[in-house]
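Going by the order they are written in, the chains are A, B, C and D; count residues from 1 in each one.
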Amino acid sequence: MLDKNGIAQRIAKEVKDGYYVNLGIGIPTLVANYVRDDIQVEFQSENGILGMGPFPIKGEEDPDLINAGKQTITALPGASFFDSAMSFGMIRGQHVDLTILGAMEVAQNGDIASWKIPGKLVKGMGGAMDLVGSAKNIIVAMTHMNKYGDSKLLKRCNLPLTGVQCVKTIVTDMAVLKVTEEGFKLMERAPGVSVEEIKKATEGTLIVEGDIPEMKL
Amino acid sequence: MLDKNGIAQRIAKEVKDGYYVNLGIGIPTLVANYVRDDIQVEFQSENGILGMGPFPIKGEEDPDLINAGKQTITALPGASFFDSAMSFGMIRGQHVDLTILGAMEVAQNGDIASWKIPGKLVKGMGGAMDLVGSAKNIIVAMTHMNKYGDSKLLKRCNLPLTGVQCVKTIVTDMAVLKVTEEGFKLMERAPGVSVEEIKKATEGTLIVEGDIPEMKL
Amino acid sequence: MIKKTVANVEEALEGVEDNMTLMLGGFGLCGIPENSIAELVKRNVQNLTCISNNAGVDDFGLGLLLKQKQIKKMIASYVGENAEFERQMLSGEMEVELTPQGTLAAKCQAAQQGYPAIYTPAGYGTEVALNKETRMFDGKMYVMEHAYKADFAFIKAWKGDEAGNLIFNGTARNFNPIMCGAAKITVVEVEELVKPGKLDPNQIHIPGIFVQRIFQGKDYEKRIEQLTVREA
Amino acid sequence: MIKKTVANVEEALEGVEDNMTLMLGGFGLCGIPENSIAELVKRNVQNLTCISNNAGVDDFGLGLLLKQKQIKKMIASYVGENAEFERQMLSGEMEVELTPQGTLAAKCQAAQQGYPAIYTPAGYGTEVALNKETRMFDGKMYVMEHAYKADFAFIKAWKGDEAGNLIFNGTARNFNPIMCGAAKITVVEVEELVKPGKLDPNQIHIPGIFVQRIFQGKDYEKRIEQLTVREA
């Protein structure tokens, strides 16, 4: 089983040379720490920056320079600032190559639920609906099961949707899976996790073809 | 009868304090010369400048600084440059208070034809359709009759339209007229021009109520 | 040049009344119109509809209006991190309309630019699209969203000149430029108000035509919501 | 940082082929991509559809492509001042689609920003709206216009950095920023190409994400179409 950093580390391998990437809050934010430094990548934060750098050194934080999680950040050489319409124009226009975000549930048709638990507090969708509605390539980073031990990879989502038929890849603490027309296709196992364990943890249709390799991190 | 400068001079009186004004090519361009200098006015040119100033002094022309007529211009203090989408956003969003443009024909319902003579060369509408489609207040500057002596103030336009039911005021070499539901309402006569002469020169319905004062320039 | 300066925040907010719809710039607490919000609190105008990406925190930003129960309806994309907001929403004292962030931005910009409506894929197939017109273009489904209408927009810029030309700083830009001119009256507070000609006309983010009133703000707190630092 | 620099105009135009649709920035002869146009002439690619506000003059700008009869179809708002253009249009050698200037701008920007279509009042009730969908919003009629699709966009900027960030100068900005990212491949020529970090990130007109290739242009003529001066 992977921890949060392990999931981030595995996802980082999906980040290719020349990619503009939008990272969601939580595990996705950690992905930046693991991207190879011999490739050219730029991070976009939807509140209005391209070329986002690491957190600032203490004392150098700037209240006018934050990311979509409201954290203080820095700007790298070659960065640019822009307004929120332009920012979502980049997203809607599919200029951003990859979106990595968390989820509460993913369905085997690629539907995603990530913003609302009815009857509980609603914090809002922020930019998630725009991101999943537009992105060419969406990777979901999440645990395979919720804290009650229920699968988060489902036949159909139970929670209100964030977007429909949009998720391409899911990286969990147990596996890497692709969304296909037939269901979740198991691509890789987390170190020490068996196919059987993944099957048990997956409520949706799981497609297992041939030997499933263990992830290389 | 007014000459071009006279028409421009009369129209200049319609330019009020605090107005953003778009001036078309030809007579409208001359309006800027006659606007009172004790009021605050800014000129917009739809290729992308607000706060347009006079033509440059010889030797100070800048190829990167032109107006919509492709003439070299200057920028006044407080000016700004912007792209064509933003420029027409100002126009479409009705932030520009007044549009002054030329026309080949105006109909008594406010239709305007100004861009095309079928069978003859078509130069294109440029920004005219956007301007007349959006502006809150449109003044047409033109001669009352064309070079063949035909009226340009018509019951219905014969030429292809630039916009429908949009012209509010027409200032010609003979008169000032308002477009009303009943027809062209005669407001003022040019110096030395009689109501009879205007009637004869107007093909559309002309409404004459009471004494028609002579223009004050 | 058309002068847009007003003497102070009191003059800037003249005409703000109960039941109005307000747009407020800012993302989180970054780039919020602190002076105008303080004046709205002072005037205690009631039954406001507020369009803003976030609703502040308990004791800052729009949270100050919430505390006084001045907001009847909140239109936002994210409202977490605010206990009083939560309370008023759950108790039904306040109506909340959640809108995807990009849709919110697009609806403001549409109002500014004179587009009556736009099409976005955001929210298609979700409850956000309920009772909204949807339409396919090139095999992809879109939701039609109408431009917002507001009475006042309250904007925070970094620098501005007397003609109303604005420059924003860093990610404090966010919703501020696109709300300018999206309301009947746009009120801008700036950290630095300069004479016309002092700003490079090539570097104006928002031309003064979209601004009705501008004033020099003061006492900016610029609170940081999530101070995050790394080891040197 | 993602590097977008290419060595020269030849490399910048790699992949341009017959029958393609091209967008070209500029208004009149102001802010046109002189180097790219020269290379298009040299390559003598045929049957092009060109989207550009104007069509140049007889011996400059797009007029150079017209002279070689490389343009099959021209989409523009204003095509005056060009005798060869006139000849080809009247003889039917070239197809011409006239589009209002603001609509042209909106259709480019829509492509850039991922809007499939927009609504504009421009052209309603005129022949421009023939066979187009129209619709009333708030009592006013609008025409639906679809986003443009193009293979290449050729852009002229003033300054740019290796990451593709762009700054335009004066009214040479015009259609250039809004065509960036509106085609599959956006090629930018700049008067001054600088290292990343040399441009203020707050003052970028177009972020590099909308640019695929950037190169240092040369030998700019920057011809003035209507030199107009006043007495000193």
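We adopt the following convention: a contact is a pair of C-beta atoms (placed from the backbone, for glycine too) under 8 Å apart; a residue touches a chain by one contact, two chains touch by 3 or more.
If you're wondering where the values come from, they're calculated on a predicted model, not measured in any experiment.
Chain pairs A-C and A-D differ in how many C-beta pairs are in contact, and the one with more is A-C.
Centres computed as Cα averages put chain A at a distance of 55 Å from chain B. Our note on geometry: chain A versus chain C, Cα centroid distance of 28 Å, whole angstroms. Between chain B and chain C the centroid-to-centroid distance comes to 36 Å (mean Cα coordinates, whole Å).
Looking at chain B, one finds that residues 49, 75, 81-82, 85, 91-92, 134 touch two or more other chains. Residue positions 114-115, 120-121, 168-170, 201-202 of chain C each touch two or more of the other chains.
Because contacts link the chains in a way that matches no line, ring, star or complete pattern, their graph is best described as other. Those chain pairs judged to touch are A-C, A-D, B-C, B-D, C-D.
On chain C, the positions that touch chain B within their shared complex are 1-3, 111-115, 161-163, 165, 181, 195-197, 201-202, 204, 207-210.
Taken together, the chain D residues at the contact with chain C in this complex read 114-121, 137-138, 140, 142, 146, 167-170, 201-203. Taken together, the chain A residues at the contact with chain C in this complex read 45-49, 54-58, 60-67, 69-73, 75, 81-85, 87-88, 91-92, 111, 121-130, 133-134, 160-165. Chain contact summary for the complex, chain D toward chain B: residues 27-31, 53, 76-81, 86, 89-90, 96, 98, 100-106, 108-109, 120-128, 158, 168-178, 205, 222-232.
Considering their complex, residues 18-20, 40-42, 44, 49-51, 75-82, 85-86, 89-96, 134 of chain B touch chain C.
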